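Next up: the structures, one after another.
Both of the next two complexes hold chain A, though its partner changes from chain B to chain C.
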Partner chain A sequence: MIISIASGKGGTGKTTVATNMAVSLGGDVQLLDCDVEEPNAHLFIHPVINEVKTITTPVPEVDMEKCNLCGKCGEICQFKAIVVIGKTVLPFPEMCHSCGGCMEVCPEKAITETGRELGVIERGSRNGLEFVHGKLRVGEAMSPPLIRKVREYARPDVLTIIDAPPGTSCPVIASMKGADFVLLVTEPTPFGLNDLKLAVGAVKILGIPCGLIINRSDMGDDKVKIYAEKENLPILMEIPFDRKIAEAYSRGEMIVEVMPEWKEKFLKLYQQIEEMSFHKNH
Partner chain B sequence: MEKIAVSCEEPSLDSPVDPRFGRAAGFLIVDPDTLEFSYVDNGASQAMSQGAGIQAAETVCRSGAKVVLTGYVGPKAFQALFAAGIKIGQNLEKMTVRQAIDKFNAGEVDMATAPNRMGHGA
Partner chain C sequence: MKELVVISGKGGTGKTSLLAAFASLANRKALCDADVDAADLHLIMDPRIKERYDFESGHEAVINSDMCTQCGLCRELCRWNAISEDFIVDPIACEGCGVCYYFCPEKAIDFPLKTCGEWYLSETRFGPMAHARLGIAEENSGKLVSLIRKEGKKLAEKESLDLLLTDGPPGIGCPVIASLGGATATLIVAEPTVSGRHDMERVVELAAFFKVPAMVCINKYDLNPDMGQAIEAFARERNVTVMGRIPFDPVFTKAMVQGKTIFEFDDRSEGSKAVKVIWENLVKGLETSTCREQS
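Here is the complex of A and B:
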């Protein structure tokens, strides 16, 4: 089973929920931090990293000895990642979406694959919890290909918890698509509600069952709850605005470490999700 | 004489130079001696999310012009124009196409060796 933890708005507590749930459940769990532009789950999990892999995406390289300047590569490219101009062919690797079209249409077989570095994937563990995250190369504009590579580490025989990036664009879709359940973390503020609505819209298009966690639930107003009721979104957990939790966070500690009574709540959260996705799928 | 492509807002010698190369409305392809010109629309580049400068460079290259006069050229467009052997005169905004040509004919336009704008991706 794959549970994706998303939010719309940033800073609502996705990583807090993902790390606490993963640690509470213990064995047979893997945590994939797919927020590859700013991964931070490792700051709480403190995993021992034992595998580092550089990830590349294929981009074209042109052999000018074979090229006859026919221009077919430039015509098929939708991203201006390769152009025939003057008496030369110019690839722009940073614009390339790795579709392979230029290689396919080249009648002279003058185009071969080389790689553009997307970033690295690090894999490790902590007390039996498997941990994987991606770190996007500084300057790289496309994160979804790296996110998909991180997700390739998902094993069907265990519970996979995905810490998704904020927002509702391609990187978030890449982190939610194919999940069995999406857990949306929000806060009871106008900003939280606005972005929650966008996230719910995206989850609906993907057709994935979802539930809500309200973080810092005792501040703000009750508009998130009214919205949740109207949308039939189950509120699966409320985390109060508690100084003890904030202090722990600032030290890189999890809620369940400083307040062990929370472990039970996270286990119950998982049971509820399991039941909801079971009913949906059977 | 080699033809010159000037980024312009309207198809006229008295049009302001469009400061943007990649997303210029169009290019006036001018014979600098006779001031005879033709117009190439660049509207399609304005609708592109990325690669506008590269496409504009292709358009200029196809027009047969050997020199570009414009305001700002980004790094990818610069690379493409350079590869095509087209010379680039930058910082010619805030004047008309005619004034830019006059300046070029008077030898007052230095040909650029580097782009003067960062791309959107940078």
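Here is the complex of A and C:
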């Protein structure tokens, strides 16, 4: 089973929920941090990393000995990533989406592929919990290809928990697509609600069952709850604002470490999700 | 005209609340919400939309089943696994590269332009505002960010305003890169947590990569003063100007719930006092072309 933890708005507590749930469940669990622009889960899990891999995406390289400057590569490219100027061909690797069109269309077979570095993937573990995250190279614009690479580490025989990035566009979709359940973490504020509605829209497009967690549930107003009821979205957990939790978080400590009684709540959260996705599939 | 872009790396550190507060304090400015993925500034600015436009960007492949002979070439060439066994394109998986459209021997694939959002020119109680809404699950957010910043600048220039205040997106990827290019300076809103520090370091690196002068302020400072100091030390090391500290103050949430800036809600709150100091430092910082440390 794959559970994706997303939010729309940033800073609502995705990583808190993902790490606490993963650690509470213990073995036969893997945590994939797909917020590759700003991965944070490792700061709480402290995994021992035993594999580091540089991830690249294919981009064109032109052999000018073979090129006859026909211009077909520039014509097919939708991303302005390769152009013929005068007597030369200029690839712009940072614009390239790696579709392979230019290489395929070149009548002289003058184009081959080399790699543009997207970032690294690190894999490790802590107390039987398997941990994988991607780190986007600073300056690299495209995160979805790296997110898809992180997701290739998902194993069907265990529970996979995905920590997704904020927002509702392509990186979030790449982190939710194909999940069995999406857990949306929100806060009861106008910003939280506005972005929650967008996130629910994205989950609906993908057709994945979802539930809510309301963080800092005693700050703000009750409009998130009214919305949840109207939309029939189950509220699976509420985490009240507690300065102790906030300060522990600031030091990189998890809720279940400073307040062990929360472990039971995270286990129950998982049970509820399991039941909900079971009912959906049977 | 100068442009200040507020970013953070980590989400939820208070970019939008701060930008709204600055809007209360700044003279002669226009506003721009470049967080097109999850735009929130309008919830405080309450804009009256004067002009509305479709955002058209990119294409999407559509297979015409009447003409398709199911030869399979498109499925073979598509690197996004976007074409199903019964030859239907999954619009979410389609990257819009056009390879299938270009090579289809039956010319059975259409490649229409996509409408993937809307953008608006509005009036607010603080001045003109450019903002946008990217369609849910859409791509090309970087292009929409570039467009909306350009429109924001036009709004400011039309009324001969001195400043464009731009609310940027979280992260370090394509929309953030698009929000930084050509900006006068960027203010990074950090929080004193392990995540806040980690993410701030990466976004400082990003600003340096694109040679945009960076300044930093720390929100919720008293949550972890040691971490706050560590962030400030890192900033100084990297020639990033430290603009000030904001205490943890529920006034931000209370003001937001009422759709107000913190100054409209309570201009004597601790949060408001701290933001005022930061704003004064920012004004000085923006005046000098190189944003050096305020003494």
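Everything below uses one rule, namely that the second predicted complex is superposed on the first by the 282 of 282 C-alpha atoms of A that agree within 3 Å, B and C clash if a C-alpha of one lies under 4 Å from a C-alpha of the other, contacts with A are read in each partner's own complex, and residues count from 1 in each chain.
By definition in this document, contacts are C-beta pairs under 8 Å (C-beta built on N, C-alpha and C of every residue); 3 or more make two chains touch, one makes a residue touch a chain.
Values in this document were obtained by computation on a predicted structure and should not be read as measured data.
Of the two partner chains, both chain B and chain C are touched by A:141. In the overlay built on the shared chain, the residue A:83 is in contact with chain B alone; chain C does not reach it. Legend: residue contacts after superposition of the two complexes on their common chain; A:95 is shown touching chain B, with no touch to chain C. Taking chain B and chain C in turn and counting the residues of chain A each one touches, the greater count comes from C.
Once the two complexes are overlaid on the shared chain, A:195 sits against chain C while remaining clear of chain B. Once the two complexes are overlaid on the shared chain, A:15 sits against chain C while remaining clear of chain B. Residue overlap on chain A between the chain B contacts of one complex and the chain C contacts of the other covers 79, 141.
The touching residues of chain B, when paired with chain A in their complex, are 48, 50-51, 54-55, 57-58, 61, 76, 79-80, 83-86, 121. For chain A in complex with chain B, the touching residues are 74, 79-81, 83, 85-86, 88, 90, 92, 94-95, 141.
Taken together, the chain C residues at the contact with chain A in this complex read 8-13, 16, 37-38, 40, 43, 58-59, 77, 79, 92-93, 95-99, 102-103, 134, 136-139, 141-142, 169-177, 191-196, 198-199, 202, 205-206, 209-210, 220, 223-224, 227, 248, 250, 253, 256-257, 259. Residues 8-12, 15, 37-38, 40, 43-44, 76, 78-79, 97-101, 104-105, 136, 138-143, 165-171, 173, 177, 189-191, 194-195, 198, 201-202, 205-206, 219-221, 246-247, 249-252 of chain A are the ones that touch chain C when the two sit in their complex.
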